[in-house]
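Same chain, two partners: subunit A is paired with subunit B first, then with subunit C.
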Partner chain A sequence: MLPGAGRPGGSPPPFDPLDSPVRSVTVKPVSLNGARVRLDLTILIPHLGFLAEGALLTAEVCALALVGSVLLGMLVAIARTSSNKWIGRLAFAYVDLFRNVPFIVQLFFFYYGLPEIGIYIDAFTTGVVALSISGGAYASDAIRAGILAIDNGILEAAEVSGLSKRVTFTRIVLPIALRTSVRPLGSVLINMILTSSILSTITLNELTGQAKIVASDTFRPFEVYVVLLVVYAALTYLVSIGISLLHRRLNRDLVEQVS
Partner chain B sequence: MIKVENVKKAFGPVTVLDGVNLVVNPGEVVSILGSSGSGKSTLIRCINGLEKLNAGRITVDDFDVSKPKDLAEARKRSGTVFQLFNLYPHMTALQNITLAPVEVLKRPRAEAEAEGRALLASVGLGDRADAYSSQLSGGQRQRVGICRALAMKPRYLLLDEVTSALDPEMTAEVLDILAKLAAGGTTMVFVTHEIEFARQISSRIVFLEKGKLLVDLPTAEFFAETGGLAQPRVAQFLSKMRKD
Partner chain C sequence: MRYAEFTPFDLVLLAQGLGVTVGLFLATTLIGLFLGALWGVIRFYRTPVLTQFITFVAEILKNSPVLVQLFLVFFGFPAFFKLNMTPVNAAVITLSLNTAAFVYVIAVSSIESIGRDQVEAARVFGLTRWQVLRHVIAPQALAFSIGPLTALLVNQLQVTSLISVIGVMDLAKIGANLNLRTLQPFIVWTVVGVLYYLAAKLVATLGARLEKRLRAHSAFRGL
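What follows is the complex of A and B.
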């Protein structure tokens, strides 16, 4: 509300407990003085190698977890479409459980909880396993949707031609399912890259972990986190470009023009 | 020989095949006629093992389709062509054709591909080997579907309304190929609504009505006043089909 607007002339403004404090906060240029806003990225040059190490670790963890979660997602998707009631239920329980528990809680359970019962896993392995398990729950959804969308007639054609269940799955079901599920799987992967930043909480110094260290060493968190924002955005952007290319490749029959 | 003995098939409370007997000898072309819902597709699906029988027996060259260890052998002996083609969409025409010969019959890939190309050429698609299903017309897809079945060198070809999803011009393309196959001695079980075509290529015609095989006669007799036409249901069916 503008000062004085709509008020009867002369009379003092009615007391509005919400109005004045809010206005004073938003209007006052608190920390926006020139000196502190200046972005000086050159101070990070000595730390670039260190940050790159972190980025590499992020890429490694995510690449392994991608493979892990897609494999797990496939197995679980098969289990969820299985005719065996108990296998199906078990798979559903897994998916429900890991989608409904915060990732950081899963991670702490694996890293800090399991040693209590004598199971010790190093931080890197824990990170890959935890990301694979939680990513697998989402990946199985994407793959299952792709499998269920396959026209039954195609499966019958494979069946009557005598193809084994295994060949039918690897040569027909999976490639057709991936045509549609590659995009949702891409979202799962991008989410995984973002989630991997949480691994810094179990002493795994991936990109975010290294950045925290640089920020506290240099006392320049602004510069450090600006770079972090850009690097994560670039990483996920590259991945989504890759996914688009893969999608085109898998659906090439629909892309190529009839000659 | 395909032998269908006293086959019963029901979906829940609905009896779809009710004691069907049929023998198809090598070299014969047997057309199955009957109105919609009479059980023609179900009979084909029982022969290739896609549906389980409730009673009776079906053997393909003495291999019982109800016995799991016989089914694979029975399926090697029959090839199915589908109404809606059911091509594998992520594979080229040639890959559609060579998949089963390589994976099931363990044929060397190069041989399977050479044969596949020859098959495609024989149906006028020599230049479309690398096209995907979505890049082919309906008639071309069905011709690939026929090649896919033939690539397994089946003794029997099962065809379920293979032209009913096609316009007249494409139907002619496909029927032309089937006529050549019939003339070449390919054994066929042919479900169709193309009465005139069935009359030209069939050695026998059977008429299915509400799950029962009402008539099973050599083609000429089926269309004779004293033969099939003596059955009121057949006469009614034929006159209705001819009007459409």
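What follows is the complex of A and C.
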């Protein structure tokens, strides 16, 4: 029945909730047994294993994407520091593009676009590829800074010793650049862990995806997401401690300079 | 009948999406700048308890995914505090607080970048703590912080795309809708990506120009 279609002059038709047009939707807060809902984290205990599966998937995705982005970052950093102008410009265009377009747009571009051109890969692979490409842009900046920080004297010494350009690069420049850029690469990794939560939008059930399922199962979104927030913060905190230790270990012979 | 082709109206939709994105970006940036600067001032005055609390909140906000923060505000808050939350409200709250957390860090480091001797000299001349902040620290800290702030805002502009997940009709959501209707992901996401790219470049350019102006007093004048 349409609104206002009642009989003219007669009494208004009885209210029928199934028939009435929806005017406003109010979110009814969930309360169990009518009691005030209090913060009760124990309801999450049965779901811990389920969440841990998601955390494992997040770790896998991030580990693979870290490897991918460091490899890509090294190639792009080499290209950006090369003496060939056009290679440098191309590499800069890549970095500029992937740093200035939101990750979710890149992700949808790959996830919906690749099947169009006949490449059928699952959400996991798409996620790793997208994270690697986007992370590679950031990693290349970190590695490039490491390369540019190398003292010219070292390069001259290598040249005088008769090392070829390739050997100088792989045996001298890259090891030094990589170990001085451990810290910035670490912040790339932390960013990647945070960004990987976006993969839940392409049906990849990593930590955030699993938490979404738990939230809709238990009707306790507040508890679930508060815990998730703290878990992510703790995770990135632990990673940053690990990176500091690694940085100190790799640069232990330069202690007075790096400290 | 299916409207699978692109129509001129799609351009209007894209413009609307861009408008929503830019509008929310500007609003959350202003709120975030204000809140972050306020937190920085609270820290400058070394307010006991409050400073530690703010630092803790800022750390949590900085080190957790914005998507989870959005879910907490949009799904968690209504269920727990029994209030109504529209997607736009949730987006404004989350993005403002997130921006504020990063602005706070920039504010703290730029305040600390000013030598203590300047503050001490100003105090000796009898300036109050507020006068020191207003006339000695603020102008220099502002010039110092424009660079990091620009980088932050370029990043936050991209972060706004996440609000499409909770249903705000921003540029990314319009892109998703167009993608579902036309099934032409390459064209749709390229156009959306280009729009985001141009917006980010605009922010970066404006930031660079502002920084140049604020730093004009200390720039090298030439011989």
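As a convention for this text, the second predicted complex is superposed on the first by the 217 of 259 C-alpha atoms of A that agree within 3 Å, B and C clash if a C-alpha of one lies under 4 Å from a C-alpha of the other, contacts with A are read in each partner's own complex, and residues count from 1 in each chain.
Here, contacts are C-beta pairs under 8 Å (C-beta built on N, C-alpha and C of every residue); 3 or more make two chains touch, one makes a residue touch a chain.
No experiment lies behind these values; they were computed from the predicted model shown.
Put subunit B and subunit C onto subunit A via the superposition and say whether they clash or fit.
fit
Regarding the shared-chain residue A:45, is it in contact with subunit B (first), subunit C (second), both, or neither?
neither
Look at A:163 in the shared chain and tell me whether it touches subunit B only, subunit C only, both, or neither; answer first, second, both or neither.
In the superposition, A:163 touches subunit B alone.
So, A:154: does it touch subunit B (first), subunit C (second), both, or neither?
first
More residues of subunit A in touch with subunit C or with subunit B?
After superposing on chain A, more of subunit A is contacted by C.
In the overlay, answer first, second, both or neither for which of subunit B and subunit C A:179 touches.
After superposition on chain A, A:179 lies in contact with subunit B alone.
Quick one: classify A:119 as touching subunit B (first), subunit C (second), both or neither.
Neither subunit B nor subunit C is touched by A:119.
Determine the nearest approach in Å between the Cα atoms of subunit B and those of subunit C after overlaying the two structures.
24
Subunit B touches which residues of subunit A in the complex?
Against subunit B, subunit A makes touches at 151, 153-154, 156-164, 167, 171-172, 175-176, 179, 250, 252-254, 256, 258-259.
Residue numbers of subunit C touching subunit A in their complex, please.
Contacts found on subunit C: 59-60, 63-69, 71-72, 75-85, 154, 158-162, 164-165, 172, 175-176, 179, 184-186, 189-190, 192-193, 196-197, 200-201.
Spell out the part of subunit B that touches subunit A in their complex, as residue ranges.
48-50, 72, 75-76, 78-80, 82, 84, 86-90, 99-100, 103-104, 131-135, 148-149, 152
Which of the residues in subunit A come into contact with subunit C in the complex?
Touch residues, subunit A against subunit C: 26-27, 29-31, 37, 39, 97, 100-106, 108-109, 112-113, 116, 190, 194-195, 197-198, 200-201, 208, 211-212, 215, 219-226, 228-230, 232-233, 236-237.
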